[in-house]
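Next, two complexes with chain A in common: one pairs it with chain B, the other with chain C.
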Partner chain A sequence: MGSVHPLVALLWLAPALLLILGVVLYPAIKLFDASRSEFSITGLRRGDAGWENYAKVLDHPSLGTVLVNTLIWVVAVVAVTIVLGLALAQFLVKQFPGRRYVRWAVIVPWAASLIITSQLFVLLYDYNYGIVNHLLLGAGVIDAPIDFLGDDSWTMFSMVVVGVFVSLPFTIFVFIAGLNAIPDDVLEAATVDGARPRQRYRSIVLPLLRPALMIATVLNVIYVFNSFPIIYTLNDRNPGYLHDTTITFMYKLAFKSQEKDVGMSAAAGIFNVLLILAVVLIYLKIINWREETSR
Partner chain B sequence: MTTGAAQAGPAAYGPSSRRRKRALMGLGGALVAFAFLAPYLVMVLDSLRTSSDVKSTPPSILPRVWQWDTYAQVLGDERFLNWLKTSLIVASGSTVIVVLVAIPAAFMTARHRFPGRGLFLLLVLVTQMFAPTALVVGLYRQFFELNMVNTYGALIITNAAFNLAFAIWILHGFFASIPLEVEEAAALDGATRFQVLRRVMLPLTLPGLVTATIFTFIAAWNEYVVALTLMIDDDRKPLTVGMRAYVTGYEQHWDQLFAASVIAVVPVVILFAVIEKHLVGGLTAGSVK
Partner chain C sequence: MRSMKTSGMIAGMAVAAIVLAACGGGTGAGNAGDGGTQGGAGGEAKTIKLVAAEYSKDNTKAFWDAFAKTYKDKTGYTLEVQIISWDNLDQQSSTMIQNNQAPDILNLNAYASYAKDGLLYNSDEVLPASVKSDILPTFVKYGTYDGKFYGFPDLSSARAFFYNTDLFKEAGVASPPKTWAELEDAARKISALGDGNVGYALPLGPEEAQGEFSMWLFNNGGTWKDQGKWTINSAQNVETLTFLKKLTDEKLTQNNPARTNRADAFDLFKSGKAGMIIGFSPLAAALDEDGKVKYAVAPFPTNDGSESKTFGVTDYLMAFKKPGNSNQAAVKAFYELYYQKDQINTWIKSEGFLPVTQSGIEEFRGDEKLKVYLDTLPNAQLTPTDDPTWDRVKLAVQQNLGRALTGDPKAVLDELQQTAESAS
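This part shows the complex of A and B:
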């Protein structure tokens, strides 16, 4: 690796830096600006608001509900995804006829647009016409159709199912990569030493899989936290913020609620950014980021 | 023990038992595949029904009437063609920018040492974690002030910026794996740094370039929240946002919504399968050193 004058390097990095500064950092500054401003309902800036927008977010009657929803959403989706994903990955690293095609099938929910998958599930979950109710009724599991997206006790569960469904592919592929990286001879040596499958799994596979587990968990936390289309679409016909997470709450404050309050939405956005930054710091710690090793 | 009883005791470890086990696993695999595909099979089947058949009780698994001309209808719908146009322009535009911007950055960071290199890579990693969702109000303010609401340009640079990281990681990995001698030989022949990159290094990173191209294209093609916020005119919306117009309180064309969905999803899934091998590396980069 050759050394190069910083100015020459800067020249080669300039386009990337411009893009990142202009479209990631600058909007973040604009977001902060907006959070300290007062806006008319049509979105025109009317003047300084100080920290008032932050106070309004913290005083918002739905804030508690939204925070609890966010916690349930992230923890439930990520936990179920990790456990199911690990089991499926373990299966998909084994040799069996047609494995290639199964792996391709697993990719589909990942490649398809989240908004299309969400719209699809709106119909699958439908009270009258949905195939989910139809199958459950037919199998005798339920006596009457369930209003998966309208019944408050079912909405979050129904959204979590979709969240897990679309998060599984990435997770499975991370675990497949992790499992493939475990050298065969280590496992063979353990077998020769008389380790039984369960022992071998607990004392060799799991520890070696730790990095993949951590990475899949943290990245999923970020993806699931940021996930907008699923909640926005599946929760579309419910009024208020009863099933919103902090991300859709923030969006609705600015663009969909009666108050159309850009300033308050921006303040909520700053809280979201800080939450993500905290998780990113955890991620950097986990992958042991150091300037010297970053090659 | 009577004849015909299943005799697969734990001691039966013959070749036939192994074959049976493989067959069982194949069956399990088919079930897994079905679980992931089933919702999309419903989508394809629904795109071939009449709109009233989509909403019929009880639902039938197969369409009561196979209606193939929904696809012709959708492809002849001017609104759909406008959305498709936006999606193509935005996805292609972002992809071109990402590739052009990522190549020099990845080449410089993978093959050279200079102060600030680690800081730059850290910046790239952090942007990868930030989906535009959290910043959407800031993005809206920015483009509102620049008078760029409703423009392709705004969507293109936003998609480019937020997908740059993946492309840089992928290319970085490929550049870093090229032996130093290859580069030195070219330098001895008097090639400039740019010539080394173009003639020697780039051809060797072709799989990385393909992966970066496809990944960016699909990410921009599937993007939703920024387009929803910035593209207000109906004929400027991309497919993901525009399509919603097929099913609203006023019109309920589920058949058309799903035909449009199939058109939007199928090419992307095929492209995605092509780059499967490199996906994990690009998304968990920074961690795989």
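This part shows the complex of A and C:
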């Protein structure tokens, strides 16, 4: 085994490096460039803006609302998805007739485009002819239709339901893989030693599921945080930023709001990247810390 | 040694493949027409690019493709056509300009900001004089920024009052209202029918709040801007918005009008559950196709019963300057062909909109269904599209006007007035 010449190694790595440079680094540099430039409403670059775009984003009167919305959105969707996903995965690893078809059915929301799913929910939620209101009225649960998307106290809830719906398939399959990886003999040994089902679940299944839990949480946090179509579609009737997260806030800054400022939007984009990086790092740090102390 | 060479070669080929793929793929819109749009060094552009809005799936592409062919045959220039849906048009045009890849001709619903940024040709440079004199004076007026005509209209629409004749009959309303008091009365009777029927469908959601409100305020003698001054919070406009709030409070409109977009209001009218709405010719076309709802069209009622005014809308075909004005001749040839009667009027007819030229009005005159719009078109009032500030104010109105229905109309209009004044 002779060692590989460094130049050859570089050549072999080049395709991947080029991809990273072109798809990740170059856009990131352009984004940073844009965030430091002053743009006209037409998109024409007028000159350098220094850090002014960043200051304008931090000064924005709706920033607080948007950050709180983002927190609620991410925490609610991810938490509910993880809990429901665990339960459903537990069910789907059991042997039962037709299991294969149920598993297929679970993938469907994942396969459909987010825009289509969101539009579908807009129709389901509709005040005048939505099926959800129709059913609730018919069952006598409510007396008057609920304005799921236009009533401020319902909008976030309605969006979270859709967020959970589209996040479940991926999460369930991560958990199914995790559950299948738990060796049967460990569980058998626990049963022989007299562990009751709840004990077995808490002391054996959950700890062994930790890698799957961690992956599901980190990836879901990133996906849900970056999710644009659901909020944009379900919230499009609502003026202002009442139910926007940082992602749709960024889009509206560039194209829909009275600011209509690409530079400001780019600065908000930089903040978004930093925010999600920080959240993930903190999460991983906590996980590590727990692992060390539990030893 | 040999194997090292081979592996090096394979790696090299892989690099080449990636690079090729990256060049070939492009990233969507902005890149599609890089090739031909720039003329040779110092030469004249033989190929120009048009970015057009998609008015309808069926007709827009068909028209522009046929147009490009005729253009090539008649002038020898090539026209590259890119059609973009209205949802994405703002975003894509902004990206194009950001990347210094503006098309030669752009079809959009605003132009003044582009003129202000010095990006556009004016009519003296690219529009044949005969065309300019044929365009309706109203549209020339609103297409003129800083004394020069930049916003060449491609088509227009005028709003009118639509009412559901079945619901009117059922509620015992004999004729369409002439005043706002009559409108309120009719709305009350229709809402009283129950069964989900609403008197007036009022869309003040972000999609088109400025359009709905324009129609109302013009018919109360109000304006957005008058004699160079913003008049958003004038007494008439506060009265108008207060009236809309009253309709909402007394439940004479559909649920939550502040959060209803125009498309949803149209759907409600198409389902036969709304008594009255502000519509335009494409809505009429959709209703006729469904054949489900019996409706009639009338002038919009005014607050005091005086003569009705209509709110007109036009979109623009604006021409971008290129270094050395290399595209000027080709762009001029484009407009010369576009404004020929058999081109522009065929296009407008197929999309179901209204003409922008005197000759167009003559040609459309024969169509009974369009009479109510055509009569009002030459005197239509537009939003102040000739002021670049409006491009910002419009967005502020879309995002904020609805708040008045749950808050204080005067405070909301005061705030918008301030936005307009500070942005000017």
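The rule we apply is simple: the second predicted complex is superposed on the first by the 275 of 295 C-alpha atoms of A that agree within 3 Å, B and C clash if a C-alpha of one lies under 4 Å from a C-alpha of the other, contacts with A are read in each partner's own complex, and residues count from 1 in each chain.
Note that in this section a contact is a pair of C-beta atoms (placed from the backbone, for glycine too) under 8 Å apart; a residue touches a chain by one contact, two chains touch by 3 or more.
Not measured: the values here are computed from a predicted model.
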{"item": "Partner chain in contact with A:Trp12 - chain B first, chain C second, else both or neither", "value": "both"}
{"item": "Touching partner for A:Ile215 - first (chain B), second (chain C), both, neither", "value": "first"}
{"item": "Touched partner set for A:Arg99, first chain B, second chain C, both or neither", "value": "first"}
{"item": "Which of chain B and chain C A:Val108 touches, first, second, both or neither", "value": "first"}
{"item": "Touching partner for A:Asn128 - first (chain B), second (chain C), both, neither", "value": "both"}
{"item": "Which superposed partner A:Ala254 touches (first chain B, second chain C, both, neither)", "value": "both"}
{"item": "Touched partner set for A:Val161, first chain B, second chain C, both or neither", "value": "neither"}
{"item": "Touched partner set for A:Gly43, first chain B, second chain C, both or neither", "value": "both"}
{"item": "Greater residue coverage of chain A in the superposed arrangement, chain B or chain C", "value": "B"}
{"item": "Partner chain in contact with A:Leu31 - chain B first, chain C second, else both or neither", "value": "first"}
{"item": "Shared chain A contacts, counted only where both chain B and chain C touch the same residue", "value": "5, 8, 12, 15, 19, 22, 34, 43, 128-129, 254-255, 262"}
{"item": "Chain C - residues contacting chain A, complex", "value": "4, 7-8, 11-12, 14-15, 17-19, 22, 90-91, 93-98, 113-114, 116-117, 119, 196, 205-207, 209, 254-256, 258-261, 264, 268, 271, 273, 388, 391-393, 395-396, 398-403, 419, 423"}
{"item": "Residue numbers on chain B that touch chain A, as the complex places them", "value": "22-23, 25-26, 28-30, 32-34, 36-37, 39-40, 42-43, 46, 54-59, 61, 97, 100-102, 104-105, 107-127, 129-131, 133-142, 144-145, 157-158, 160-162, 164, 168, 176, 180, 218, 221-222, 224-225, 229, 240-241, 243-244, 247, 254, 257-258, 261, 264-265, 268-269, 271-273, 276, 279-281, 283-284, 286-287, 289"}
{"item": "List of chain A residues in touch with chain C within their complex", "value": "5, 7-8, 11-12, 14-15, 18-19, 22, 34, 39-45, 127-129, 145, 147, 149-151, 236-240, 254-258, 260, 262"}
{"item": "Complex interface listing, chain A residues touching chain B", "value": "1-6, 8-10, 12-13, 15-17, 19-20, 22-24, 26-34, 43, 88, 91-92, 94-99, 101-117, 119-121, 123-124, 126, 128-131, 134, 165, 168-170, 173-174, 176-177, 211, 215, 219, 222-223, 226, 228-229, 247, 250-251, 254-255, 262, 265-266, 269, 272-273, 276, 279-280, 283-284, 286-287, 289-295"}
